[in-house]
Amino acid sequence: MNGAKFVVLLLIVAAAVFGAALAIGNAYVFFAGYVVLQYIALATAWNILGGYTGYVNFGTAAFFALGAYTTVVLHKLTSLPLPIMMPIGGIVSGIVGLGTGYLTLRLRGSFFSIATLALAVVVQTLITNWDFVGGSRGAYIIRPMTTPLLGIDYIQYLFLVMLGLVVIVVATARAIERSRLGYGFATIRDDEVAAEASGVPTLRLKLLATTLSGAFMGMAGAPLPYYVTYLDPASGFSLAYAVNGVAMPLVGGTSSWLGPIIGAILLGTLQQVATVTISSALNLLIVGLMLVGFVIVAPNGILGLFGLGARRARA
Amino acid sequence: MPGDPLLQVSGLGKRFGGFVALEAIELAVSDGERVGLIGPNGSGKSTLVNCMCGTLRHEMGSVHFAGHTLDGLSAHERTRLGMSRSFQLPRPFNTLSLADNLRIPLLYAGRHGAQPIDERCAELLHMVGLADKATRLPRDLTQIEMRKLELARAMAAAPRLLIADEAMAGLSHHEVDDILALLIRLNEQGVTVILIEHIMRAVMHFSQRLVVLVAGRKIADGDPADVVRDPDVVRAYLGE
Amino acid sequence: MEMSLDLLGNAIVSGLLLGGFYAAVTIGVSISFGMLDIVNIAHPAFIILGSYIAYIANTSFGMDPILASVIALPAFYLLGMGVYQVYHLAFERRGEESLRGLAFFFGLLFITEVTLVLVFGVDYRLVDAPYIGPSLHFGDIELPLRLLVPCLVALVMIGGLQIFMARTFIGRAILAVAQDQLALRLMAANPTRIKRIAFGLSIATASVAGAVLIVIQPVEPSIGRDYIGRVFAICVLGGMGSFAGTVVAAMALGIVENLTATFYGPSWAPAVAFGFLLVTLAVRPAGIFGR
């Protein structure tokens, strides 16, 4: 199926999902659904770098939170609509991704990963010290009373916006996979030295992957302030984003765009259920255990368990 | 400038900490030449290849190729200029099929011309006798088949200069002849070839010029028949 | 701002002592990452674990925290060997160290932190010991025992490890395995066994480092993440496996961090470590081959 047809298919599925949610009529569906969609976007974004090129980003929370806090700043200074704020959040996170990559991607992959871990701590420190966005006390964001689209509540609007982002990110991931770029990414993952010798500009591609991945993560975080209405560093940089960003693609399967979606839906709904029935710390523990378990036992994730783990072998 | 060698290595030096891997290497290769490079294990042959191709950075000296200075250029830029190599220990892309492995240089080295990529892939696989395994993954190959894939991938980059690093190790007499014929045919089509080998009959048959490397230094460079009679070479490498 | 010499002098001295402590925190990573090439980003989690064990021993039994950590050493050693065994079977042997191995250690880091939150909550925990509080005075320079004792303990531990590495067969085998595994095999020593012992030692140091940490500052489960940047920055800057280099780099970081904290405020400390990390990475030899 070519790219355009796939986008149409995604849009149809998205419309169906939205329609089904409306039909159920319960506001909780939109609240919970938003979180799952957000994780699909986050996991797919992570996978563009981690799954396709093999470079592991542990600082998902930083890129995500930068998008959220860009919205806070823009909300205080302007009255831009959300669909404009999202790309701006994406640009901020993308630039940070580019910067981190530029400083560390010439070296071994593990140095990049360590740097992303340290980055998460530093960005959190900087935001916590920045009074304009509320510092450690947090910021209150008033949800607008009306939505740009007639007839739906604001939470439904947020759901729709996130649905749109998911369509964009998934379509992009799939398009990359099937393109010349995707081949280039795969060679970086398989054998970077041989890739260079074959003419692949590995540094340039890695920077592209890092920037794109970071930008999408920022866009996934941008609507968050309107969703939670009160944003403080503890929730913006929550451990949940740190671990889920890595666990969802690894559990679902990193070799294709489908893996992160499976992982996000599975772990996302699991956590929504667990947060309500047991404590939220305990449900994070379950995610952590699943991450370690899958990485040891099923390295290609759920896709791998169904024999879809290896890349397509085309003639 | 016309008349300049295609490849000019001048005063090349490379150290690993305190260990001197290469010292004051001078090498000139003319367009269309067939050069053999021999020497004992550990003499620095692969290090020299790595430095020429950009996989390693050399500390001293310089490398000129096709009118360009290669110093400071990354490996992929050198490949794009027309220098290609096969690795001594094959390094295939393990999650890609054989055909896809060959597709990579065709997509990225920017040198294959107007021929459709799929067609060129099939042609190359056929040339090395792997056409029936086009959709397989590298892990399904024997060691020998992996060497052939490695060579085919280097050829896919449509190089002006191909450096074959022990591409024939472990092959049967017949297979060595096949690869040799392949390399000679490539050369007749205009590709300059540097052959690094231990199989002396292949080296002697193939080389118009023979270079000998021992302990990081070049000790001989010239007509193959003269070089193999050189007492230093005999003592250091050929034995009796 | 006023740059009083006293303030500067004290900041530097405290920074030096802090650096000794940072060396203890890092020495485990110098072994696991510097010598064995295992990217154990979960090391800070083991340190925090050590802190909590020292805390329990101190509050429940009134035991000195550092003494408790020494008693706990064998347990940590065994834990380290166990973790290495899993890592080796699941990743090293399959040759898939990078992505999966990193994710494994990240998972361990995460699981440890969350488990500690579940058991102890997010409140800060402290220990009580006779050397927390009093200081030695040399003129205008103050040497808090709270920093001095950990620094001395750290240096003793590192010194002991250095002697072990240089003088015993196993120690030298560990140094050898870092250089050339094939040669080791030819010497009829099993590299896997040597690495397991080395990793066990690496985690054992976390026990002492943890006790020393909770002496210096109150501890809660998430502060492990603050140390990741510091630890790897020191390890890389100190020349990977070199113990002496680790100590020097740790003291340098301690001084710079403390000066920043004294004159610009303590909340900037993680940023200093990160800056150090970026600088050390920028100064590293370039290239994928590089080490």
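In order of appearance the chains are A, B and C, and numbering begins at 1 in each one.
Going forward, a contact is a pair of C-beta atoms (placed from the backbone, for glycine too) under 8 Å apart; a residue touches a chain by one contact, two chains touch by 3 or more.
The shown structure was predicted, so the numbers you read here are calculated from the model rather than taken from an experiment.
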(request) For the pairs A-B and A-C, output the one whose chains share more C-beta pairs in contact. (result) A-C
(request) Could you find the chain whose CA centre sits the greatest distance from that of subunit C? (result) B
(message) Taking the mean of the C-alpha atoms as each chain's centre, how many Å separate subunit A from subunit B?
(response) 43
(request) Mind checking the centre-to-centre distance between subunit A and subunit C? Centres are C-alpha means, answer in whole Å. (result) 32
(request) For subunit C, write out the residues touching at least two other chains, lowest number first. (result) 286-287, 289
(message) Counting only residues that touch at least two other chains, what does the list for subunit B look like?
(response) 55
(request) Could you check subunit A for residues that touch two or more other chains and list them? (result) 193, 196
(message) List the residues on subunit A that touch subunit C in their complex, please.
(response) 50, 54, 56, 58, 103-104, 106-111, 113-115, 117-122, 125-126, 128-129, 192-193, 196, 239, 242-243, 246-247, 250, 254, 279, 281-282, 284-285, 288-289, 291-292, 295-296, 299
(request) Quick one: which bits of subunit A touch subunit B in the complex? Just the residue numbers, please. (result) 180, 183-184, 186-187, 189-191, 193-203, 255, 310-311, 313-315
(message) With touch defined as at the start, can you tell me which subunit C residues reach subunit A in the complex?
(response) 39, 41, 86, 90, 94, 96, 98-100, 102-104, 106-108, 110-111, 113-115, 117-118, 222, 225-226, 228-229, 232-233, 236, 267-268, 270-271, 273-274, 277-278, 281-282, 284, 286-290
(request) Sort out for me which residues of subunit B touch subunit A in the complex. (result) 53-55, 74-77, 79-80, 84-85, 87, 91-97, 99-100, 103-105, 107-111, 134-137, 153, 156-157
